[in-house]
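Alright, structures below, take your time with them.
Both complexes shown next keep subunit A, but they swap its partner, so subunit B is in the first and subunit C is in the second.
Take a look at the complex of A and B:
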């Protein structure tokens, strides 16, 4: 297939599936809390709604950065789709995109001039320490497979079996990372915690918010896609969908049943999980 | 080709959900309190789930058409106003699941 068509196809799938998965997550959370919950396509409808709302700009906004940052956020996740499902390129690039996401969160918060945005911006810096599990997963996978190329990691698993069975603690660290990037009432996502309204998104309105919501959906899809690809290997599209729905429902249950941690506790929880994951994985790799 | 077909299924699900949401808000003006089963929604759910899971039962229709139509129909029920369509979805899935087991595992 033509590369551009392939990119467009995968980005559209990422956006639509990510949006529906958010709906499923909210539905699971609502049912646990004995509420009917919003319709499954609520995130998608919200995204569409923001594109027909008036876009207003706060007087305190740092122009043009305030506008550009939303486009950058969208662009990095489109790049992630290109590196991931389209080309099955290097894992290192995907993790670089996760790191840039943190910088974008920081800048989106600071560019609005809102106190909530600024708090979210400070927390984005603070929680960068919590990216430790991310890099640990990367190193452990490299030690086990000897490669950073997604296509080669998939081929490795076809020969030796799924990595989830050989590196369960690395998978646990990755799940912690996914929870920390989960958008609805995550115990670990301190940049979007409800005590600072909507965090770095608070002062982005109309079309700009629409772009952010598209990015959120693609981010969610990509996180789950990377997890399934790295720890389960080559899956059919149907198995990807089933895996994503199960993971989203599990994370929805985690989010519904846990309190939202304060920044110190969130970062320390992630660092502790990273420590257990790194030490445990190395012991398992070399001694079991 | 497989990825394109899945995009069609996903679009079918999204469109079905939107249609279901709009129609159910027109049909039901109050929140989900009576907990009755909607016969029309039940029929749609059963047909939808059976078509999506048991497309092999109708060999004259290409499987991707059966699945697309099936996904659209059950998405209409899943996408109904919050609370509505819940029982119908479960019943539809169970009926289709039983047919699938009878067709594949027990035959």
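Take a look at the complex of A and C:
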């Protein structure tokens, strides 16, 4: 297939599937809390609605950075789609993209001029200290497979079996990372916690919010895609879809049943999980 | 047509041309990656700039000069 067509197709799929998965997550959370919940396509409807809403650029915003940051957010996750489903390239690049995502959260908050955004911007730095060790899951995968290339990791699993069985603690670390990036009432996502309204997104409304929501849907799809590819190997599109729905429902249940942790507790929880995951995985690899 | 909409139309035309170029002429991979990273986000942004609603001119003063009385 033509490379550009492949990229456009994968970005569109990532956006549409990611949006519907968010709907499923909200539905699961609502049913657990005995509410009917919004329709499954709510995220998609909201995204479209925001594109035709009135958009005002606040006087306190740092222009043009306030607008450009939304473009950067989208660009980095388009890059993730290229590194992931399109080329199955190096996993290390995905780590870099995730690190840039933290910088984007920081800058989106600081560029808005809102006190909530600024608080979220500080939290983005704070949480990076905890989330980046969780991403050290990549080192464990490298130690086990001897490669950072996604295509080779998939080939390794075709020969030796799915990594989820050999590296369960690393999978647990990655799940914690996905929970920390989950958008609806996550116990670990302190940058978007409801005590600071909508965190770094608070002052991005109207079509800029719609744009951010497109990037969020792609982010969610990509995080689940990476998890399934790294821990289960080559899957058919249907199996990817089933895997993503199950993971989203599980994370929805976690979010519905846990309190939103304050920043200190959230960071300590993530660092503890990272420590258990790294040390436990290394012990399992070399001594079991 | 106001400034924002004009910028939106200019960006959408440039991004559409760049994306169509990559689709039709299939250039080297690195050029396609560069076009994707720059022009897919810009295309979406320009869609937003064109489709977004804008407030009435006569409301502008209320939005900027009126002291905040929301509390």
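We take it that the second predicted complex is superposed on the first by the 284 of 288 C-alpha atoms of A that agree within 3 Å, B and C clash if a C-alpha of one lies under 4 Å from a C-alpha of the other, contacts with A are read in each partner's own complex, and residues count from 1 in each chain.
Note that in this section a contact is a pair of C-beta atoms (placed from the backbone, for glycine too) under 8 Å apart; a residue touches a chain by one contact, two chains touch by 3 or more.
Please read these numbers as outputs of a predicted model, since none were measured by experiment.
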item	value
Combined model on subunit A where subunit B meets subunit C, clash or fit	fit
Touching partner for A:236 - first (subunit B), second (subunit C), both, neither	first
Subunit B versus subunit C as contact partner of A:38, first or second or both or neither	first
Touching partner for A:16 - first (subunit B), second (subunit C), both, neither	first
Which of subunit B and subunit C A:49 touches, first, second, both or neither	neither
Superposition-derived comparison: subunit B or subunit C, residues of subunit A touched	C
Which of subunit B and subunit C A:160 touches, first, second, both or neither	neither
Overlay on shared chain A, then closest C-alpha pair between subunit B and subunit C (Å)	16
Shared subunit A surface residues [contacts with subunit B and with subunit C]	none
Residue ranges of subunit A in contact with subunit C within the complex	2-5, 7-8, 11, 51-56, 59, 67, 70-72, 74-75, 78-79, 82, 206-208, 210-211, 214
Touch list for subunit B against partner subunit A, complex	2-4, 6-7, 10-11, 13-14, 17-18, 21, 31-32, 78-83
Residues of subunit C defined as touching subunit A within the complex	19, 22-23, 26, 29, 32-33, 35-38, 40-42, 44-45, 47-49, 51-55, 63-64
Subunit A residues within the subunit B interface of the complex	9-10, 12-13, 16-17, 20, 36-41, 44-45, 236-238, 241
